[in-house]
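Below are structures written as structure tokens.
Across the two complexes that follow, chain A remains constant while its partner is chain B and subsequently chain C.
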Partner chain A sequence: MSSRESAGFQLRLRYAVLIGVGFVMLYPLLWMIGGAFRPNHEIFNSIGFIPREPTFEGFTKGWRTSTEYTFATYLLNTFAIIVPKVIVTVISSVLVAFGFARFNVPGKRLLFALLIATILLPKSVLLVPQYLMFREFGWLDTFLPLYVPSAFATEGFFVFMIIQFMRTLPAEMEEAAVMDGCNSFQVLTHVVVPVILPAIISVALFQFMWSMNDFLSPLIYLSSVEKYPVALALKLSIDVTEATSWNQILAMSTIALAPSLILFFAAQKYFVEGITVGSVKG
Partner chain B sequence: MNIERRLLLAALAACSTALPAMTLAAAHAAPAEVQLRMSWWGGNEVHRAYLASIRRFEAKYPHIKVKGEYTGWVGHLERLTTQIAGGTAPDVMQVNWNWLVLFSRDGRGFYDLNALRDRVDLTQFDADARDVGTVHGRLNALPVTMTARVFYFNATTFAKAGIPVPSSWEDLFAAGPIFRDRLGPDYYPLALNFLDLLALCRSWVVQHTAAPLVDEARRELNATAADTAEMAALYARLVKEHVIAPAPERASYGNVAEQELRPWITGRYAGLYYWTSAIGKLTETLEPGQKIVLAPYLMRPGARDAGLFYRPGMMLAINSKTAHPREAALLLDFLFNDPFAVEAFGLQRGLPVSKVAVATLQARGVQRTLGWDGNEQVARLPHRAGESGYFEHPRVRDGFIDILEAQGFGEISAAESGQRMHADVNRILERVIRPDVPPDRG
Partner chain C sequence: MIYGGRASGLLYLSPYLVGLAVFTLFPFVASLLLSFSDYRLQDALSAAQLVGFENYAAIVHDRTFGKSLVVTLVYVFVTVPLKLAFALFIAFVLNFRLRGINAFRTAYYLPSILGGSVAIAVVWRYVFAGDGLINQALAVLSANPVNWLGEPAYAMVSIVLLRLWQFGSAMVIFLAGLQGIPADLYEAARLDGASHWQVFRRITVPLLTPVIFFNFIMQVIQAFQEFNGPYVITGGGPLKSTYLLPLMIYEEAFKYFEVGYASALSWCLFVLVAVFTALAFRSSKHWVFYAQERGEGGQ
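What follows is the complex of A and B.
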């Protein structure tokens, strides 16, 4: 009896702590959503997140923006960049990882070291050379420089992650597929891909979120306002000599956050499985 | 070849409007359409004003189309740097004054506006304004606004303390203890972040030396070790006399802009040393019922110069490689001097420099602002010393601020701080200011 009572108490305590910590973690998010419904002058006056005089002004004005275009344009642009980018990233990363994990190519170790080295290379180093290259291609002010490079497995981290996942797979399964007459590509599509699906979903999610937040590359490559993605559009109204309408920015951030959140919750099960793999298995 | 033909067509078209008799003959030679690109950074209001002005400009010159390429402040320099490096910069650019030393060391980085004086009305700009945009005799850019840091105080808080706002340095030092005793230990007469502090220390020492702090020609500070020691001593004294909050206390409110700093919003930090062009945004976030006033500029006894850092708020320049300099010049002139553009911008970015712009605003009865008053005060103060653009060079600025921060957080003494400012910043200046490029280099 008493042990059941104490177990119940422990459970309650555990949940209280979890809810408390969770609340602290989520507070900035709640503050952002609360701030979106506040008039601008109220935002910095209190740290509470419940608006005293709730208003939709931030949403209506923020959606209209101070530019010639509404926020819908920027959201659509974001997806026009992200969707192809995620697709080509997944395809190219899986192919390259499969190559590294299953084939013996002369100089493989060196190539793999080079791949890892690109993870460590700061992106800003490549900025100007890449800009000049895309200028020669005539790709400036188009979406192409933003996703075409991903078609060549340029995200070393993703390749590395998928390789680690593939190492945990028993070779017997693939050998059996070969016995049944599969060629290498069929082994990949029929056997390996279904098994590593959690890793693939993680890659897609990571790429989605990172691209959503990417500020520098669209800033450099896109010059027309009509082609700006959300990350640029949100910063359009922040200047040093003018008081910023934070309520509009918070409102639009809330909207821009929704796709990431929805996608994450939809794929959460696979996502966690994907990033923790290899942490206990060798 | 193509450009020549376009110019010829444009000239023909110009003739046709000037001489109605020729109109028929030249009717089929309508001016070739010209596409200009223009870049700027700004907030919502600036974007709206630019876009409205551009629409009006296109209506006035139907053969010119202008594409606005604008961003917020963050990242704009990075983008422009890449574009200039890649040769894809826009035809007309809004630039910061200190960018001239980045992109146009020899004066050839931007189009020489002197060559376009028939299109841009240079007479609207006084000598001060033309000088700041001139590099090696080439007029690289013209200022939209000029601005300097002056003293603004929260009159409401000073009234609560029972003293008038300071009109001399001694008043300021005396106000600290009164604030502490009458209002409480978390009340201070001035709110300064390290950048503001550096500017204040600069003004203090220039009031003594009456010369720009950075000597571009000799690539060193125009100040002795004793002068920089005075800068460090001023900082130490401001903290000791309770004029500004000690660095750890200031930092506890977060590294935020002043208008988002809680003690400023509530009036507990009751003063600023701030740009006349941007004071507007700082009064916007105040809790209601508080009044900010412009104070007399604080001068040391016997000072011959106010030590103002009087510089352009922002400037407009034309790409040196533009294919359409004459159309770009028309746009520049429109943005500076046309009543429509002048009214669209109003006083958002500070008081315009162009004389006709000021006259337009006065004629339209635009309400005076703290910034406008500040600019008039600046005009009355002795400010011959000027300052080199290298004072705002990121590495020079950071060099100073690193040392002041070390002093503020007690890592080094005031004496050591003064010494290091002299030694370290001189070393930085020598590296940053490269020996002069001969101006007549091809």
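What follows is the complex of A and C.
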């Protein structure tokens, strides 16, 4: 085999591996979406995912749910938790990251070490005392325990991500703004924030996704069904309607994943940048 | 540091200082105290009583804990190496001037974004159900169906595969690491007549060790905290074969209301994670290569 032939063979082999793995990776998602449009009796008859008799029955019945609320209630609840959570996460993370990146504060090394330590700390250690604390506050069965802690930069990963971005910025811009008479807060809002916008978008997107996926916190803090986010509603629906209505559950799973899917395809650049900044450039 | 003023620095850090004290350090200490207490969830806080090491003594004799510990360690030490090896392998295949590299990266990364959700765990239940996707695929290959979620030996497979399916975030990090290796190092090695294997062994792997280390730590910590998968897909069963420690802690606290016992369990998990992280950091001095050391003739 000449070296050109062998290079061509190698290239084909790489493509074969990539396409094969990609197919296996995406198949469960295709199967979910296909199943959402199939009548129940069809879902388990074939390995394919394209519906033979497409139907919206899964969506219309699933949307009504087996509870007294429609799926719209659960979607609205989800956003009522996530929107404030993303906003307070971004604001607190930017402020704290600016403090770490640009100021000399006594004990900064220790504080930064604790920031990293909280990233590594298993959340189950804090779960029970936090629950008891929020119970004392009278916050059980409200959305407050789900987003108030984020207003205090409790997710160290996001602070760390923004610090890493800020470290790459040249000092000249900020120095010029200071010479022009800006105070540090004005520099932050007018000079730094516009430049680190990609990092801010990454933080917002990751927090959105992780909060969409969060299950344990709503599970322990919310008890009334009318306040359930999508994650709890889905778990409830498999407990109640397991055997009979697979297409409804697949349809509602598809809807539950739709916001994340749309955001991911619209902004995947930020996901890639966000996840690599802490690990590689650090 | 172009801004003076320690006071304004503290002001910027103040949300973090409050959050650290109220939502992290205080619960952390409270958790330790609770682990030495007898306290049931429905009682007033004042009913908590210190009982010394009773909870820990009970843990030592708790067969469910023994089972859960073994299952958790098996889960972590099967999932993490497989996931990292697979992520690294795919990153190598992708790190080549291939057309469509971005499309592949997207396809592989997507499951990491969605995979932690309840929706995917629900889909997973159906994929591994008696007449689900996997068994239909086996039927096409004329293999016998497997009772994936009903057999203790197989239930763990479905949970592990759910995490392996999410190798994409580790892969994206590996890929960025690979792309950060300067091309002139490869060229120099080629000119010196190094083989593919020597290049891989002497250049790629050493320069990638910081990224391997980062991914390893993050994956170990994540794996020790796995909850959604076992809770939604198997409920910890059958016969506790997927009863990972976070699920046990949750059930002790919020199903059996044994807060003191649950807190002691959570401290066992914490110590376990801390020991593994500390060992990893200690060992990293021997195998992780940082660019700054190159001047000292690093190996």
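Just so it is clear, the second predicted complex is superposed on the first by the 232 of 282 C-alpha atoms of A that agree within 3 Å, B and C clash if a C-alpha of one lies under 4 Å from a C-alpha of the other, contacts with A are read in each partner's own complex, and residues count from 1 in each chain.
The rule we apply is simple: a contact is a pair of C-beta atoms (placed from the backbone, for glycine too) under 8 Å apart; a residue touches a chain by one contact, two chains touch by 3 or more.
The model shown is predicted, which means the values in this text are computed figures rather than measured ones.
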{"item": "Partners on chain A (chain B, chain C) - clash or fit", "value": "clash"}
{"item": "Which of chain B and chain C A:144 touches, first, second, both or neither", "value": "neither"}
{"item": "Touching partner for A:169 - first (chain B), second (chain C), both, neither", "value": "neither"}
{"item": "First, second, both or neither for A:182, with chain B first and chain C second", "value": "neither"}
{"item": "Partner chain(s) touched by A:235 [first = chain B, second = chain C, both, neither]", "value": "both"}
{"item": "First (chain B), second (chain C), both or neither touched by A:80", "value": "neither"}
{"item": "Chain A residues touched - chain C or chain B, whichever exceeds", "value": "C"}
{"item": "Which superposed partner A:193 touches (first chain B, second chain C, both, neither)", "value": "neither"}
{"item": "Partner chain in contact with A:224 - chain B first, chain C second, else both or neither", "value": "first"}
{"item": "Touching partner for A:95 - first (chain B), second (chain C), both, neither", "value": "second"}
{"item": "Touching partner for A:26 - first (chain B), second (chain C), both, neither", "value": "second"}
{"item": "Segment of chain C that clashes with chain B, given the candidates 1-9, 19-27, 109-117 or 145-153", "value": "145-153"}
{"item": "Contact residues of chain A, present in both the chain B and the chain C interface", "value": "44, 127-128, 131-132, 215-216, 220, 232, 235, 238"}
{"item": "List of chain C residues in touch with chain A within their complex", "value": "1-3, 5-6, 8-13, 15-20, 22-24, 26-28, 30-31, 34, 45, 90, 93-94, 96, 98, 104-111, 113-114, 116-120, 122-127, 129, 131-133, 136-137, 139-140, 165, 169, 172-173, 176-177, 180, 211, 214-215, 217, 221, 224-225, 227-228, 231-232, 245-246, 249-250, 253-254, 259, 262-263, 266-267, 269-270, 273, 277"}
{"item": "Touching residues (chain side chain A, partner chain C) in the complex", "value": "11, 14-15, 17-18, 21-22, 25-29, 31-32, 35, 43-44, 46-47, 92, 95-96, 98-100, 102-106, 111, 114-115, 118, 120-133, 136, 149, 151-154, 159, 171, 174-175, 178, 184, 187, 209-210, 212-213, 215-216, 220, 230-232, 234-235, 238, 246, 249-250, 252-254, 256-257, 260-261, 264-265, 268, 271-272, 275-276, 279-280, 282"}
{"item": "Chain B partner contacts - residues on chain A that touch it in the complex", "value": "41, 44-45, 66-68, 127-128, 131-132, 135, 140, 215-216, 219-220, 223-225, 232, 235-245, 248"}
{"item": "For the chain B and chain A complex, residues of the former touching the latter", "value": "37, 39, 41-48, 51, 67-75, 78-79, 82-83, 85-88, 90, 257, 259-260, 262, 265, 275, 277-278, 280-281, 284-285, 287, 313, 348-350"}
